[in-house]
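I have a structure here, written as structure tokens, and I will follow up with some questions on it.
By letter and in written order, the chains are A, B and C; residue numbering begins at 1 in each of them.
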């Protein structure tokens, strides 16, 4: 097995004329918890979305456990992999979204079961057992039969996290999961993520919660204008920023 | 299909066709005008009238909306004669279309008035406006923005529904076309041509509706 | 006036009316079923980013929506044989109404598809579902719920449009009514009973749609 869980090399991505990622290099080991910070428009969410092919990218490579994600070389030509293959690779990662994106016509437990039944092809009983286990882990066993419309934002986000993690992904991606929440609901979600981190889950978080990034991650990446501006352990990053840019950013964000 | 031959026949038939278009447009116009006047009354009654009147009007609209237009047209044509109101097919047809139009316009007006938040009426009361004033300055103008696009749509419906009058013998565009077909046996060509004319009229109305919708949008 | 209501003649022919109504319902059911398939495909076409799919879908919807259905019905039945497509009365009408429903349902479905947030598709992708799985287990059930109200009124209006089949002598409710009217001269009674049958059927359809809507409503 290769030593790096995630390996991103020279990642380029543009929307038409606008280049949003200008050659990002980054790697993660098994069990790493990495936070990506940076101002909006710096490309951090885009980078996250490239890892599970929600965004196409034009150059560079991403691999998980040594597997090339999304593209392959056929006769010297870079080609998008088959849809089926990409779907299988997406299941290597789990993702939680800013807007939760729970399926509104399914109860909490059915939201978690869907991937287990349709993608992992488990039988329904087995899927249900796993789904309930994870709902219990995020503290929502009692709400298993509630529909998204009956849950608070924080509860919805915890179900969404359970839905992602129940697929047993190698890597969890969190895309600003607390940004759409009322302030009093932020903590319950962060608490869930913290427990997952303590259990050794590898994760990559895009976040605006500086205090949380400081506490939970063993490495922080600062993104600036489509490139990695600075990276290191949280203590150094937050207390002794090397670059002017990072110092500036930390001053305007809430970390103190 | 011999285009040149058809063009010749069409040229010879230009007057009946133009007359047909004229009748179609007058039917539609009359039906829309009468239907709108009636429909605004229906809409106001549905929204503001006291219980017994409101129920009667509700029953009227539900009944009309549950009946196919063709049935309204035929019923109007046959029934009016029976009760001694000797109207020609033209008048009977227009009456049926106007009634049909009024139920549509009524629902549109009701929908628009009811979609205006209660706070608007309260705010108007709070600055001392009477109900007629509230309606004239606050509710009416807001409702109008919503009503107009849907109303233009109803106009297109009326043009389409006017074809049904051919069945009771009103010499509008479709009946003229059928007469021409029975003389020339060029059914494909003439139906195609009639369909095209209707399409042009309705497409123009649809475009106009979109234009109105854009014009009426409140800047935001 | 001297007209006294006497329903005896109509009751004697009531079975014919009911058979006519049954045929009307069958025509509507068949056409809408085929129309729903056409409409769904067209709706995906309308929201497609590929111009080669989007344009034809748009042209189809625009032509059908701007042409009177009576013209379409007559065209299919009387003019298409000239191109060698000779259909029986019922087949011809179902063919027309299916094409007609397709265009109206396409608009309904399109609105439903657009009402689903893009994030749900992404969430499906993120857990490894394929596009097809996302369509069947997420988008379709949600779209169906969202469109129920407008689907209901479209279905009811398509049911009413089956009355147009009378124009090509399909023995459905309107045709039977007209026949009884001519045979018995009980004009008012005949049309009263017929419209009541239509209104009653429409309200049953509306009630059924409301039940489905309530059954499928998501708890909140």
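Throughout what follows, a residue touches a chain if its C-beta (ideal position, glycine included) is under 8 Å from a C-beta of that chain, and two chains touch if they have at least 3 such contacts.
Not measured: the values here are computed from a predicted model.
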item	value
Identity of the chain that, by mean CA position, is farthest from chain B	A
Pair with more cross-chain C-beta pairs in contact, given A-C and B-C	B-C
Length of the line joining the C-alpha centres of chain A and chain B, rounded to whole Å	56
Chain A-chain C separation of Cα centroids, rounded to whole Å	46
Length of the line joining the C-alpha centres of chain B and chain C, rounded to whole Å	20
Residue ranges of chain C touching chain B (in the complex, touch as defined)	1, 3, 62-63, 65-72, 74-75, 78-80, 82-83, 160-164, 166-167, 174, 177-178, 181, 187-188, 191, 194-195, 198-203
Chain B to chain C touching residues, read off their complex	62-63, 65-72, 74-75, 78-79, 81-84, 156, 159-164, 166-167, 174, 178, 181, 187-188, 191-192, 194-195, 198-199, 202-203, 206
Contact footprint of chain C on chain A as seen in their complex	52-54, 83-84, 87-88, 90-91, 93-95, 97, 99, 101-105, 114-115, 118-119, 146-147, 149-150, 160, 163-164, 167
Interface residues, chain C side, partner chain A - complex	117, 119-120, 122-131, 133, 137-138, 141-142, 145, 218-220
